[in-house]
Amino acid sequence: MALWTYVTARWQSLLMDSYLHASAVVQATLLAAVIGVGLGVAVYRSPVGSAVATALTSAILTIPSFALLGLLLPVLGLGVPPTMVALVLYALLPIVRNTVVGLNGIDPAVVDAARGIGMGRLRVLTGVELRLAWPAILTGMRVSTQLLMGIAAIAAYVKGPGLGNLIFSGLSRVGSANAVDLALVGTVGVIVIALLLDGGYVLVGRLTTPRGIRD
Amino acid sequence: MTDQAVDIQLENVTKRYPGGRQAAVEDFSMSIAAGEIVVFVGPSGCGKTTTMKMINRLIEPSSGRITIGGTDALSLDADELRRGIGYAIQQAGLFPHLTVGQNIGLVPGLQGWAKAKTASRVEEMLELVGLDAGEFRDRFPRQLSGGQQQRVGVARALAADPPVLLMDEPFGAVDPITRGNLQDELLSLQSELHKTIVFVTHDFDEAVKLGDRIAVLGPKSSILQFDTPEAILAAPANDTVAGFVGAGASLKQLTLLRVRDIELDETETATIDERPADVRARLTAKNRKYALVLDNRRRPKRWVHLRDLNDGALSTVGRPVNDQVTRQSTVQDALEAILTEGGSVPVVGTRGEYVGAVGIDTVMETVRKLREEHDHG
Amino acid sequence: MADRSDRIRLFAQPVVVLAVVAGLLVWAGTRQLDDIEQRNLNFSTLLALTWQHLLLAVAVTAIVVLVGVPLGIVLTRRWARFAAPFVLALANIGQAAPAIGVLVLFFLATASTGFWVAALPIALYSLLPVLRNTIVGIRQVDPTLVEAGRGIGMSPSTVLRRIELPLAVPLILAGLRTSLVLAVGTATLAFFVAGGGLGVLIDTGDKLARYSVLVVGAVLAMALALLVDWLGGLAEEFLGPRGLR
């Protein structure tokens, strides 16, 4: 089949594109996790603060990704900067919301017990609360990653890295023999990586969730 | 289904679930008379709810026959059958997106009643269960307390005036005081409406209070004992039933008897303006130690002992009467009063006048006689 | 059940949208526009593109509702229960596919362009939230209520119509809102297959290096998405059964 020959002929560049796509998404998720968890930790105690943070980050999500990328163009130019900024912004809501919900969902008795045996505020946070909220936070990161997979494909428009470039190539080469192959490989590639990363999250979840709260 | 109360016959009803090693309900046969309340009572898992749900075919029997008012329940369309049977469950099962009025009017609506007829029936039902129609009809279930929700649940079950009512632990989810009130109201409703009621509960005291007859059920809904509450309390059929009845069966029996059912003692009485010396003489002559002082209207006022009767008026000596019972009081109330008084308790009539007394010996004798009756019967 | 963040958005969102759009129009209106900008930034063009964009969103929503809700209902019925995990898995994978990829493939496959070439793949892409929420919404109805409904004599279809669906409406509306916002967002890509919409402005502005055009297109698309999300929030708040709020 023509598709198969296409893939085997270009497997190196395909792999490269896939890797770039995945790495952009993963890095953005990690960065968003740092910012998002920090934000979540800052506001989870205050109902108003949580509400505002959630409202802001979910408003970001409603902005069409193409529009946001377009807005960042004049400011940040082409390539990696606007891509990464957009990706990080979009990844924020699931992480912030899950951090807040996860931290607030911890039985207050547990926190009291920790304070009661003399743990300082910071240790309670890092040693107890964040570890108990970790499954929720990880789920938030997982949702963000899935979200980012599709957005990163669009980012090829601003010359961002990744498999989106294949799709756009296919679009621009309409009529030629390769067009469908390009678009198909790009699309399927994103799906495959999305599923792989999702599986990776499940694995990470299993390995890092404290055994006592694993279900 | 007519509006008259109807009987229910269950013949060899069995329920087997596919893949289950044993039947959930095995060969259950029972005859429920029209207008009586039969309570199914038993531990969790004995199949009592399953059996009840086979009457309205929420669970289809694997084999057996069920007739309601002479009609074979299995030959009817299941949905139509259920519209003719009232069904009340724990936590009321009120639909949260409908108002109280809409909830109650559901079955009449399903049966095609005219709107005006349904509306007036809804009002009637609300009044029947003690809720002000104007206030509650347009409220939503979540705005009601647990007890109020249960009342609406009962109102919904009765709305289409079904001759049969199935109730599955309907009062289980409310606090004990509300539960007591709801049980009393059900009894008074029944005295007006005379429905045939099958009531499932795991609370034996509730069964004693409500049931005309109680079926104590064991595994696979086997009938361990099917009899009146008095009979079961006096003579549990086997150890399992006795265990279920629990300790305090004797005490429970006393709730079923009234003071008017037992023999009253005679106490020596005295009027308040008599001279102590006269009373003393009477007591010594009859070889008695105590007298009950009554006022001019023959109402019990004080207990006096022989040694109190020296000087002083009768109104000041001895000790005052703290408690008394009427002929309507249960024997358990009488026992409670005896324990409080520390001795015999006066029994009074409708105007508070003395008619007799009840003491601990009489109560114990009563319990003994009950046991005897049922052992022989 | 609106929590606090929803309440804040209910009030703040339309205000923000109005302010931003007003500010934008003022900014665009007071600038000196050259030929290209004038051609793209005049009122009638903007209106036409916004209208196209809205039409796309409406068409997609209609398809999503007419396909997603009945499909979701069918998948909760006992006889179709085995199919549910398959369909859901399929829809999940469909969501993992990048929207742009789906659009391009559809275009290449049908070798045509235009409104429906954009609308259909976008509808497919936006299907999952409504489908999933319909299924979850019906499944989360308290089974004792369903039994109570059967117990008082309702047929299974009556129970579905008068109990399960009304109680699932809040979740379905939430899913619809997500789908709608997704549709508006993805509609910005419609121009790639000549489907019109506000993406046209963004692309034109980029290609011709007229950033004013690009910014107007992006901000309008953003405002439209926020507005639609706000309307969805209103629908969630006020269209659900009264007894459940």
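For reference, chains read A, B and C in written order, and residue numbers begin at 1 within each chain.
The rule we apply is simple: contacts are C-beta pairs under 8 Å (C-beta built on N, C-alpha and C of every residue); 3 or more make two chains touch, one makes a residue touch a chain.
What you see is a predicted model; the values in this text were computed from it and never measured.
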Chain ID, smallest distance between chain and overall C-alpha centroids: C
Chains linked by the largest number of contacting C-beta pairs: A-C
Euclidean distance of C-alpha centroids - chain B vs chain C, Å: 59
Distance between chain centroids, defined by C-alpha means - chain A, chain C (Å): 21
Intercentroid distance (Cα basis), chain B paired with chain A, Å: 63
Shared-contact residues (touching 2 or more other chains) in chain C: none
Sites on chain B touched by chain C in the complex: 56, 58, 79-85, 87, 89, 91, 93, 95-99, 106-107, 110, 140-142, 156-157
Complex contacts: residues of chain A adjacent to chain C: 47-48, 50-52, 54-55, 58-59, 61-68, 70-71, 73-74, 146, 149-150, 152-154, 163-164, 167-168, 170-171, 174, 179-180, 183-184, 186-187, 190-191, 194-195, 198
Chain B-touching residues of chain C, taken from the complex the two chains share: 144-145, 147-155, 158, 163, 166-167, 241-244
Complex interface listing, chain C residues touching chain A: 3-9, 12-13, 16, 93, 95-102, 104-105, 107-109, 181, 184-189, 192, 198-199, 202, 205-206, 211, 214-215, 217-219, 221-222, 225-226, 228-229
